Structures are given as C-alpha cells and as structure tokens.
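Both complexes shown next keep chain A, but they swap its partner, so chain B is in the first and chain C is in the second.
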Partner chain A sequence: MSIQISGINKRFGGFTAVDHVDLSIASGELMALLGPSGSGKTTLLRIIGGLDFADSGQLLIDGVDSTVSEPHARRVGFVFQHYALFRHMTVFENVAFGLRVARRRPRPAEAAIRDKVMGLLDLVQLAPLAQRYPNQLSGGQRQRVALARALATEPSVLLLDEPFGALDAKVRKDLRRWLRDIHKGMGVTTVFVTHDQEEALELADRVTILHQGRVEQVGTPAEVYDHPASAFVCDFLGGGTRLDCTLAGDHADIAGLTVPLANDVDGRGAGIAFVRPHDVEILPAAAGAAARIAALHPVGPELRVDLDLAGHRLEAVLDRQSPEAIGLSPGALVGVRLRRANAYPA
Partner chain B sequence: MAIPIDTADDTEGLRSEAFVVTMPPPRPRGALDDPLWVKLLVSGIGLLFLLLFILLPLLAVFTEALRRGVQTYLEALTEPDALAAIRLTLVVAAIAVPANLVFGVCAAWAITKHRFPGKSLLLTLIDLPFSVSPVISGLVYVLLFGAHGWFGSWLRDHGIHIVFAVPGLVLATVFVTFPFIARELIPLMQAQGRDEEEAAITLGASGWQTFRRVTLPNIRWGLLYGVLLCNARAMGEFGAVSVVSGHIRGETNTMPLHVEILYNEYNFVAAFAVASLLALLALVTLVLKSLLEWRYGAELAATRRR
Partner chain C sequence: MAGRLTILPAWLRPERTVIPGLGLTLGVTVTYLTLIVLLPLAALALRPAELGLGGIWDAVTQPRVLAALRLSFGAALLGAGINAVFGLMVAWMLVRYDFPLKRVIDAIVDLPFALPTAVAGIALTSLYAPNGWVGQLLDPLGIKVAFTPLGVIVATTFIGLPFVVRTVQPVLEDLESELEEAAGSLGANRWETFSRVIFPLILPALLTGTALAFARAVGEYGSIIFIAGNMPMVSEIAPLLIVIKLEQFDYAGAAAIGLTMLVASFLILLMVNLLQRWSRRWSGE
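This part shows the complex of A and B:
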C-alpha cells in the first residue's frame, strides 16, 4: 500500500524532530530512511506506525487519512531496534501474539494459529526453536522472530527501526540479503530506518536522506550516490575528502588542479569539493600534480593511501594487487590526478 | 516460501549465557585483595554486631516466650484478646495490602510508561510516608476524622466511626505502607522500558490486553516481592496504628499494640508469646524474600540480557 506524507511536523519540547516532511512511498516499495542520529528518521517511522503522532501535517496510508488513527487500524507491522520480544513468552507465543489479541471476530482457531505461526517460523527458519525463550536466542535469531511476529498479522506496511543495528557484520550481511528476498516474495511496502549508508544503498529501492528533521534528497541508490543534492548528502554517502575549492562553471580549482565536476553547480567563487578515494588516480612521480605519500593502510583487498597534496590531506584507494599499488612506500613522491569531484557553494 | 539463509548464527543460541557455566579462573592476588588479618577483622566485626544486635534479641524473644513451657505459651496465644489482636492484624493487612497493590501498580504504570505533568510531584509524594514519622501519619487521621477533627462532627452525625475503630487502623496502615510496592516496581519497569508495550500495541492489543499479557507477567516477581515487604510492614506497624487505635482490648488492638499492653502489665510471657509470632512473621518474610531475590535476580538478569 502506498504511503503519502505531507507537511508532517513533530516537536519534542524545544527540539524539532521532524520539520515539514513531504514524502511519498509507492506500493510495494522498499524505502530506506537514512540519516545520522537526531535526523528524525526514527520519529518519522514511528509517526507512520502510529507510535507517535504528528503535531501537524497529514499521513495517508493507501489513500486513507491515518494521521491520528490507532496503530492496529493502520495494519502496520513494526520491527523494533532492540526487537522488543516478549521475554516471558516462547518464540511460538511471541509470533502468535498478534493473532491471539486480534479484534476481528471470530478470532482464529487454535489450529489455524498453529499453522500460521509454524509457517512463519519455517519462513524465518526458526521452527526448531519454537519453544525457546528470547534470552536463549542469538541476536540474529531474535531479529528473525521479531520479523515473523510483525508479519503474522499480515500487515500492509512493514516498518523496521534500525533492523540490523545491533548485529555483527556477518549476520548483518546475511539478514540484509534475506530481508531483500522476503520483501521480493511478499511485496509488502517496507520502510526501514538506518544510519548505515552502505545498508541503505544496498537494500533499498529508493533512499530518503534526512538531516535535522528535513528531507535532503530522495532517489534510487544510484541517483543519490552519483548526484548528491547537497554537501551534506555527499558527505554522508561517503563523499571522501572534503577540500576547499574555487567554482568555475563545469569544473573547480582544487589545490591548483582543474577538476571536472560530477554535479551541476550554480555560481562561481568559493566552494566545497568532495573527492572520493576512487576518483584519485596515482601516477608516476613526473605526471600530474606532485604529492607525497603520508601513510599506507592495507585493508583487506584494498590499499588505502593518505596523500599530502600541497598541504591538503587526500585519501586514495587502490587494489592491493594492482601495478600502481606495488612499489608505493611512505614518504615517496607520486603524481596525482583527480578524475572528478562533487562541489557545492560554500 | 522458505528462503535459504546462512544459519551460522544459529549456533550462537547454544552459546548464549543461559547455557554456559563459566568458572572463574584461579586469580592471582588482585589489586583489591586485602591481607588475611584485615578480612578476618572486618568480617569478625560484622558478625559480632549481627550476633549482638540481631540474633541475640531474636533468641531472647523465643526463650522468654517459652520460659513457662509450651502449655503457657499456647494459652497466651489462644486467650480471647490475643486471638482478637491476631484476627484484627490479619484483617487490616488483608485490606491494606491489596489496596496498595492496586495503587502501587497504577502509580508505577503511570510514572514509567507515560509522560504527564506533575509526574515528578507524584514520584516525590510516593516517598512521603518513608520520610515522615509514623506517629504523624496516625495523628493526621485523628486531626481529620477524630471527634474534634475537620470531619469529626459530620461523621458523628452519620454514625460513622473511623478513629478508634477498624477503618482508622486500615487508613493509617495504608498510608504507612503505600511506598513499598510502587517503589519496588518503578525501577523495574523503568529498566524494562516501553518497547514491549509498544510492540503489543502495534500487534493490535488493547490497553488492557497489553497490561495483562505483557506488563503484568514482566513485573510479577517484583510485584510479589513488594507485596511481601508491604505485608510485613502492615502487620508490624506500631506508631501510626497506635495513635488511631485507642487501644480497646479485643476490638482495636493489633498484635504489636497487644504486645505493648501485655508488657506494660508485666505479663512478660504473654507479651513475648505474641511477639514471637511477629518475629516468626519476620523470619518467614526473610526466607521468602531471599527465595524471591534468588528467583527475581535471574529475571532481572534476563531483562538485561535482551
């Protein structure tokens, strides 16, 4: 089901958590709300879920005004950051809870509940652990129980608050792929909150980037990465090195180098440029601008290179096996070329 | 539809705290280890105090009570005034404890799960009975409902007796014991947060269903613990009850008041016999409390382990 948010505001005391947010989420879409902490992403999610109510503005779910309706009337499933499993209930009872408290009558029969719950536990591959208690499960397992519980009431919208925030890197990666598959299989409109740009870009159909309660940009992962609408978005999505520059139409002057711009900028004069590590080319010493290698950090398959370019610290990244990478040593002089940059008026 | 996922983390469940018993490794002398003589001296002082001020008096109560033999002991307890005192104490506790149970749960629920103006005031007021002398608690009711009190003449006209009657005893007891349950629940419910309640609401539970199926089971051990302490205090309360009781034998005497009367009449055996019942209550309470702490400690740990 589609979600229409128009002019939503929410204040907590003197703090503006959500500031005039307009956003539309298409039916069946997988949308990420991305932003640093305090950007209002969780508050926005809670407003969609009916756990908080907007001070002003309107929320339409499937065309129905849901601004002030109770959570259960919205038919949303909510997965909490810390799972919020009922600790005194078994995995089975956790998943069955939504069916047992259903307000429509007659409530499902015990056999129907059993089938439904075991079906969901099969889906999340936890059927053998149905009689365990939450504190006997690992983080990844708890997360999957939380998801099964949210899906049990057949929600039309699935909301997830930092779904993988508390998990270690490997489990997180598996669950990400798995959530993507579940979403594909069920086609339920899904909104998830994250502060991890990689997670948002990898998982979502579209990404909404929030900053200080406002929407900075909405777009597909490729759009927002390739064409960041603002300095904040660019920086937050891994903008690389931030450098002062002089804007000059389709290019910018950065530390004496002329660099083509990836984005369209109005105006000339002082600006801020972001150069991603992948756009820094390392050449033999004679070619390009002279730079000195300040430090080398081998990280897995990559070699991260800290460069000193006329007093500016610059970061580059190379494949460790590549010919350019071999033979680099700290203190050596190399040539540097900047392929492109994103720049914004200062 | 089953989607294959990497089940590597499934094994983690088996490794969770619930299954692993870790033995502390033999530790070399650490920074906080004191020399043996210090340990002995400190624990010796502690034990000596315990012996002198707690164990000895407790022992004295029972030896005094049984000084003239079991027969006299039992007679002292089954004498009509003693029986009336026991009955009255039970009645007062049977009213005061449930009243505070309801109040304590409501107050803790309101304070920990909701935001409202006057919250910190309520929190402070709950502590009032702890900070005020019990005598004053009793006196307040005499001033309010006594013959010359604010509502005294109205009550007399309508034939209602509060002070020097059972209602006054109940009121004073409720006042003195009302922080016990609320104070026990508030930190527990604060630590548990509101996540589970919110989850229940989004799953379609009503407010009552959420309370009965989620909140109440989560606080049951803490609640029982609070009830136990509240009950011990309700039965043992002396000061506040003494002011409103009027000490009418067989009518408004609770056990602690009865002990005092008997003692003042130099009827030591009977006084100690009734006192031994109160001491017994204290011991039973302690045992139950330890059992609950043992049990409830695990529950609390489980909440932190979420």
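This part shows the complex of A and C:
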C-alpha cells in the first residue's frame, strides 16, 4: 500500500520535531528514514503508525486519509527498538495477540490461530521456542518475535523503529539480510528508521535523509551516496574529510590541489569540500602533493591512513595487501592525489 | 578472610565476590531474626502447650472465640479485597493523570500509615456513629455502620489502603508506554490493552499489596475497637478477645487464640505467596 505524506508538522512544546515534510512511499517499497538523533525520523514513523498525531498536514495510506485514525484502523504493523514484547506471555501468545484481539467477526478459530502463528514462527525460525517467555530469549530472537507479532495481523504497512539498534554487530548483519528476504517474500510496504547509514544504504530501495525535522534528500542508495544534495547529506553518509576549498566551476582548489568535482555546484568562491577516503590516492613521495603520514590503523582487511597535507588532516584507506600499503610507515613523506570531491558553497 | 570462610561446609561457601561479609551478615541476620521474631513466636507456641491439645481445641472452639476469629479474618479479607479494587484505581490515577492537588492526594494516601490507630478509630467512629456526618445520612436508610461488623470492615479498609497503593504505584510507573502502543497497533482496544497486557504485569504487585493489607488488618486493634462496639458474638474481634483473656489472667487461653491466628495467617499468606509465584511464572526467576 502506498503512503502519501504532505505538509506534515509536529511540535513538542517549543521543539519542532517534523517540519513541513512531504514524502511519498510506493506500494511494496522498502524505505529507510535516515538521520541523526533529533532529526524527526522516529516521530515521522510514529505519525505514520498512528502512535503520534500530526499538528497539521495530511497522511494518506493507500489513498485513505489516515491523519487522525486510530492505529488499529490503519492495518499497520509496528516493531519497536526495544521489542516491546509482552513479557508475561509466551512467544506463541505474543505472536497470537493481534489475532486474538482482531476486530473482524468472527474472530479466527483456535486452530486457524495456531496454524498462522506456527507458520510465522517457522518464518522467523523460532518454532522450537514457541513456549518460551521473552526473557529466556536473546536480543536477536526477541526482535524476530516482535517482527512475527507485527506480521501476524497481515498489515499493509510494516514500520520498524531502529529495529536492530540494540543488537550487536554480527546479529545485526544477519537480521538485516533476513529482513530483506522477508520483505522480498511478502512484498509489504516497509518503512524503517535508522541512524546507521550503512544499514540504510544496504537494506533500502530508497533512502530519505532527515535533518532537523526536514527532508534533505530522497533517493536510491546509489543516488544519495554518489550525488549528495547538501553538505549535511554528504557528511552524514560518510563524506570523509571536510576541507575548506575554493569553488571554480567543475573543479575546486583544495589545499593547493585542483580536484574534479563529483557534483554540480552553482557559484564560485569559498566552499566546503568532502573527500572520501577511497578517493585519496597515495603515490610515491616525488609525485602529487607532498603529505606526511600521521598514523596508520590496520582495521581488518583495510589500512586506514591519517595524512597531514599542508596542515590539513586527511584520511585515506588502502587494501592492506596492496603494494602501496606495504611500504608505509608513520612519519614518512608520500605523494597524494585527490581523485574527486563533493563540494558545496560555504 | 579466605581462611575464615573455610570453616563453612563447601556448599555454603560463597563464590568469590567483591562484596565481603557473608559470615557477618549471616550471623547478624540469624541472631536478629531469633531475638525479634522466633523467640516471641516460640513462646506463643509453648504457652498454650500447658493446656494440652484437647485444652487448646476447647479454648479455640468456644462459640465466642470462633465468632471473633471469623470476624477478624472475614473483615480483613473483605477490607483487603476492597482495597485491591480501589487501591488499584487510586494508584492508576496518581500515576497516569495530572490534576490539581495531585501531590496532596498522594500524601493523603499515607495517612492511615502515620495516624495513631486510636485516633483513626475515634475519627471513624464519630463519622459513622448514627449522629455522625456520614452515619446520620445512612441511618434513615437503615444502614448502621458503627458498632456493627460493617464498622470493622470500614476500619480494615481504612488501614489497608496505603499498602495496595504503594506497592502497585512503582510497578505502574515502570510500565513502558511502548507495551500499550504495541497492543494498540496490534488492534487491541483500551479494555483489551488493560486486561491482557497491563493487568497481568501489575498482578504480582497487586497481590503483594493485598496480602500486606490483609496481614495488617488481621492484627489491627486500635482503630477497630472504637468503631466495632465489641459486642460478644457480633462485633468483637479476636485481638480484643486476647486482651480480655489476658485481663482475666487466662494466659494460656489468650496464647491459644494467638497461636490459631498465627497459623491461619501463615497459611493464608503462604497461599497468596504461591499465587503470586504463579502470577509471575513468566519472570524466569
């Protein structure tokens, strides 16, 4: 089911959480709401789910005005960051809850509930734990129960609030892939909130980047990464090193180097440039601009290099096995070339 | 330190922790409990023994004693039951809503704790006596509160209220609002959210508070004797009967009633405890 948001505002006291947001989410799409804390992403999600209500603006779910309707009238499934499982119920009863309180008459028969719940528990690979209580489960298992519970009522929209935020890195990665598979299998329109840009870029069909209650950019992961619409987006999506520059049409002057720009910029003069570590090329000392190696950090397969380029700190990343990486040592002089940068008027 | 602990058998020896003093705390706890609780209770059990089992049975099954025990336990149970319902409502109101004078009302809840019981009893009596503020309204309806068993129930309800409110309140405060939001988004209406999600989670605390209110009411003396009227067979409570027996130097008879109350209270509290265990079977403890 599609979601249309137009001109939505929400204030809490003197704080504007959501500021004139327009957004449309297509049926079956997997959309990420990405932003730092306080950007309004969770409030926007809660407004879609009917847990908060907009001060003004309109929300259409599948063409129906849902701005002020109760959550259960929206056929929306909500998954909370801290699971919000009913701890006095078994896993089975948690998942069955939505079926037992269903508004439809007659309510589903016990056998039908059983089949449905066990089917969902199979889907989330928790069928053997059906009779456990939530506090006997790990965090990842709890979040899977929460997801099964939200899917039980066959929602037309699935909303997830930082679904993997409280989990450790490995479990997070597994659950991400697995959410993607479930989304593909069921095709339910899904919106999830995250502050983790990697998660958003990996998982979503499209990403909405929010900042101070406003939409900064909407686009596919490749679009927003390759063509960040603003300095904020570029910085938030791992823009790399932030440097002052002078804009000059299709290129910029950064610390005395002429660097081609990846984005189109209007205007000339002072600007801010972002150089991603992958776009910093390390050359033999005689070539390019001279820089000194400040520090080396081997991180897994990568070697992160902190460089000092004429007083500017610059970050580069190399494959640890690559020939360029092998001879480096802290304090050594190397040459540096910047392949490209994103720049914005200051 | 480690040397001292080796005097304990292996199964009693604690795992090494940063918190010292198993020996000290265990010793103090046992000594304290013995002096304060166990010795008086032992005396209570030994004194009636001089009557012999038959004598105890005779002392306790006198119609006047049975009537008093029935009233004491009946009024305590009813009072606790009333408090379970209304105490929950008071706690709910104090946690969920903001209203003027909320802090004052919050403080008033504790008054039955703090008031000298005799003062409470005299105040209740003057209110509910046939010429009192409340009593004169009830009198034309044929309802007599003071100097009847109903008066005893009023008193046990009065003294038990804070126990329920103060045990339920913190649990209600700690309930995450997300649980209710989750229930709502799954299609539950307010009643279903309360009955299926909130109530089961506060039930253990509610049982604890009700049990405390009951225990307090069974032993209550000061506030009841003024409003009860103390007519033998009608509105005479067991603790008062114990005092009467003591005044007649019938120490063994008094202790026999005391022992009966002790055993009955213990059994009821044990049952509540088991019920409470069952109500938190999900906690995994």
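We take it that the second predicted complex is superposed on the first by the 346 of 346 C-alpha atoms of A that agree within 3 Å, B and C clash if a C-alpha of one lies under 4 Å from a C-alpha of the other, contacts with A are read in each partner's own complex, and residues count from 1 in each chain.
We take it that a contact is a pair of C-beta atoms (placed from the backbone, for glycine too) under 8 Å apart; a residue touches a chain by one contact, two chains touch by 3 or more.
Nothing here was measured: the structure is a model prediction, and the numbers come from that model.
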Combined model on chain A where chain B meets chain C, clash or fit: clash
Partner chain(s) touched by A:D181 [first = chain B, second = chain C, both, neither]: first
Which of chain B and chain C A:Q125 touches, first, second, both or neither: first
Touching partner for A:A229 - first (chain B), second (chain C), both, neither: neither
First, second, both or neither for A:P71, with chain B first and chain C second: both
Which superposed partner A:L296 touches (first chain B, second chain C, both, neither): neither
Touched partner set for A:A262, first chain B, second chain C, both or neither: neither
Chain B or chain C, by number of chain A residues touched: B
Footprint overlap on chain A, where chain B in one structure and chain C in the other make contact: 49-51, 71-72, 76-78, 80, 82, 84, 86-88, 97-98, 101-103, 134-136, 149-150, 152-153
Residue numbers on chain B that touch chain A, as the complex places them: 1-3, 5-10, 12-13, 15-19, 195-196, 198-206, 209, 213-214, 217-218, 302-303, 305-306
Touching residues (chain side chain C, partner chain A) in the complex: 176, 178-179, 181-189, 192, 196-197, 200-201, 280, 282-284
Chain B-touching residues of chain A, taken from the complex the two chains share: 49-51, 71-72, 76-78, 80, 82-88, 97-98, 101-103, 122-123, 125, 129, 132, 134-141, 149-150, 152-153, 170-171, 174-175, 177-178, 181-182, 185
Touching residues (chain side chain A, partner chain C) in the complex: 49-51, 70-72, 76-78, 80, 82, 84, 86-90, 97-98, 100-103, 133-136, 149-150, 152-153
